[in-house]
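Both complexes below contain chain A, partnered by chain B and then by chain C.
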Partner chain A sequence: MEPLIIESTKSTPMVDFNAKNRILIIKGQSYPENSFKFYDPIFQWLDMFFTTVEDDDGLIKLEISLPYINTSSTKCILMLLEKFEVAEKNGRNMDVTWYYDKENENELECAQDFKEFVELEFNLIAV
Partner chain B sequence: MTSDNRSDIFQADYKVLDAAEKVLQDLEGSDNAIRPQFEEIYLGYKRLLRQSSHLIIIADRQQKRLIDLQNDIVEKNRELEALSITDGMTGIANRRRFDEVLTQEHARHARSGAKLSLILLDVDHFKAFNDNYGHVQGDECLRQIARVIADCTTRPADLAARYGGEEFACILPETDNNGAIAIAEKIRCGIIALALPHKCSSVADVVTVSLGVVTAPCTTDASAVDIVTQVDELLYQAKSSGRNRVEFVKSCCGAV
Partner chain C sequence: MKSRLTDIQDVLGSSGISICFSGRFSQGLIEEIGDAVKMHMESEDRPKNDIFNVFSIFVEQSQNIKNYVISKEQSPGRNRIASSATICIGQEDDRYFVWSGNIMENSDVAPLLAKLNKLVGVSKDELKKLYKVQIMSDLNPEQTGAGIGLIDIAKRSSQPLEFSVDNLDETYSRFELKVIV
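Our next item is the complex of A and B:
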């Protein structure tokens, strides 16, 4: 499966989803004018990934860093994390890490908000 | 769906869920073919409603953080603005503020025709004071002088500023020459009253100042800079004619 690589812009994060090593990275500010247009290819890639990936207990790593995120992107990230919730319930081995800037209290609080509402274990790491 | 709080913004949404639940209960045990499909729609709606309520909580919190941050920045900007127009050492207005206010007041007085006065003063033999007592004492001397000048210029529009090293200036809006001279004298005497010893001064045993006072004519084509030049000359006169004195224009056409 082809990796999904999207360069970051001022208002959209960098995306590097690699099916081979099972490391999925999303990193950067997210406030596109049309969030769904940006996130839809990511959802499609993930749906394909979860249906085709070999179920051999290999760890799937998701690494997130979102210093600023607007409301529609928040919806998209909730949708994205829900896909991981479902995958985990289906027995996939997940490791989700949310990186935040230790200087930025808002970023940590935002990550904690997601943690509160998503039924998925994730690590919060200051960088 | 059982909601913890039926008065929240999703009240209407929960009502839809309740109605759907009732239909599901009514269909319980029946062989109605639509039931599984209906249940799937019901569960889908429930899941999306849960997601939406989470979204709104997260977005509201995010928004609150941004508003708090914005308020902090506004507050910090105010502080920075105050710092940028204050002389760090003496706590009174700095040169930047002086120039700004003088330009504004000059324009305002040119329009209204009111009298604008300016005092420029310089500490007598301050270099000798510094050399003799050290810079810590020198700074303390300037701080005390600044306090006296500020205390003598208390009307809301008055401005006392540190003009440069040991030079200070006062902008006195709507003040005639006599009024300004009175304030200058008050400053001069107030500084003598501080009784700061100055044994290297040729003028007195204590710290003294020389002052120039100018009152801009009511109808002036002159710029704010011209008034400064004029008051600077008067200060120079006060220095060269013995220091510890107030110099002003002894107008042949009467006091302005």
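Our next item is the complex of A and C:
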């Protein structure tokens, strides 16, 4: 499966999803003009990934760092995490890490909100 | 004789406004103004949380207006609505504010006021709960007409939201929202 690589812009995060080593990275600010248009190819890639990845392929790592996200991107990130939640319930082995700026309590609060929104374990790491 | 530009500058200065835009919004403009707001606040050594909150409120308010303009693309008054958008960032009693306004069709006023009135006098904890309910709903936030954006704005504001509507004629009204961080 081809990797999904999207360069960051001022209002969209960098995306680097690699099916081979199962490391998925999403990093940067997110407040595009149309969040659903931006996140739709990411959702499609993930749907394909979770149907093709084998149980014994090993750990799937998701690394997230979102210094700022607007409300419609928040909805999209929630939809993204729900896909991981479902995959984990289906027996996939996940390791989710959420990086936040220790000087910005808003970023931590945002990550903690997501913890409340989905049943998915993730590590919070201050940088 | 005083020039009209100086008059505008005087009004901005006496209102505490440091950054102001009036006219048709674009995503590019929102990004540039957002950066200008951040840089302005960083140069004043404001806490990161304050900068984040002002930036967030600015983005939500300007994207709400922009989404409203897009929803009116088929309306005969589309140009008047699009060019009516105004957003100002400034300081009052050492607190930052984001103050925005735009022309709306009269039929859209009541639903917006209903949403805003639901947020009046609501505690931060209640706002967090409302936010969760709205974000967990199946609705696409770009189609809910500013619902979740307004809850987020209310969560980040330190004072009750100030809003008003002036009826202009039988078709249009002018809406304003001032958020103090």
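Note that the second predicted complex is superposed on the first by the 126 of 127 C-alpha atoms of A that agree within 3 Å, B and C clash if a C-alpha of one lies under 4 Å from a C-alpha of the other, contacts with A are read in each partner's own complex, and residues count from 1 in each chain.
As a convention for this text, a residue touches a chain if its C-beta (ideal position, glycine included) is under 8 Å from a C-beta of that chain, and two chains touch if they have at least 3 such contacts.
Note that the structure is predicted; figures quoted are calculated from it, not measured.
Participant: After the superposition on A, what does A:E103 contact: first (chain B), second (chain C), both or neither?
Facilitator: second
Participant: Which partner does A:F117 contact after superposing on A: first (chain B), second (chain C), both, neither?
Facilitator: In the superposition, A:F117 contacts both chain B and chain C.
Participant: Pick one for A:S11: touches chain B only (first), chain C only (second), both, or neither.
Facilitator: Touch partner of A:S11: chain C, not chain B.
Participant: Looking only at contacts as defined up top, I'd like to know whether chain B or chain C touches more of chain A.
Facilitator: C
Participant: For A:T74, is the partner it touches chain B (first), chain C (second), both, or none of the two (neither)?
Facilitator: A:T74: touches chain B and chain C.
Participant: Examine A:F36 and indicate which partner it touches, taking first as chain B and second as chain C; both and neither are also allowed.
Facilitator: Second partner only.
Participant: Of the residues on chain A, which ones does chain B touch that chain C also touches?
Facilitator: In chain A, residues 71, 74-75, 78, 106, 113, 117 are touched by chain B and also by chain C.
Participant: Under the definition above, what is the set of chain A residues touching chain B in their complex?
Facilitator: 69, 71, 74-75, 78-79, 82, 106, 109-110, 113-114, 117
Participant: Once bound in the complex, which stretches of chain A touch chain C?
Facilitator: Against chain C, chain A makes touches at 10-11, 31-36, 68, 70-72, 74-75, 78, 101, 103-107, 113, 116-117.
Participant: Help me check something: in the complex, which residues belonging to chain C touch chain A?
Facilitator: Contacts found on chain C: 27, 30-31, 34-35, 48-49, 52-53, 55-56, 59-60, 63, 66, 131-132, 135-136, 140-142, 148-149, 152.
Participant: Quick one: in the complex, what on chain B touches chain A?
Facilitator: Going by the criterion above, the answer is residues 51, 54-55, 57-59, 61-62, 65-66, 69.
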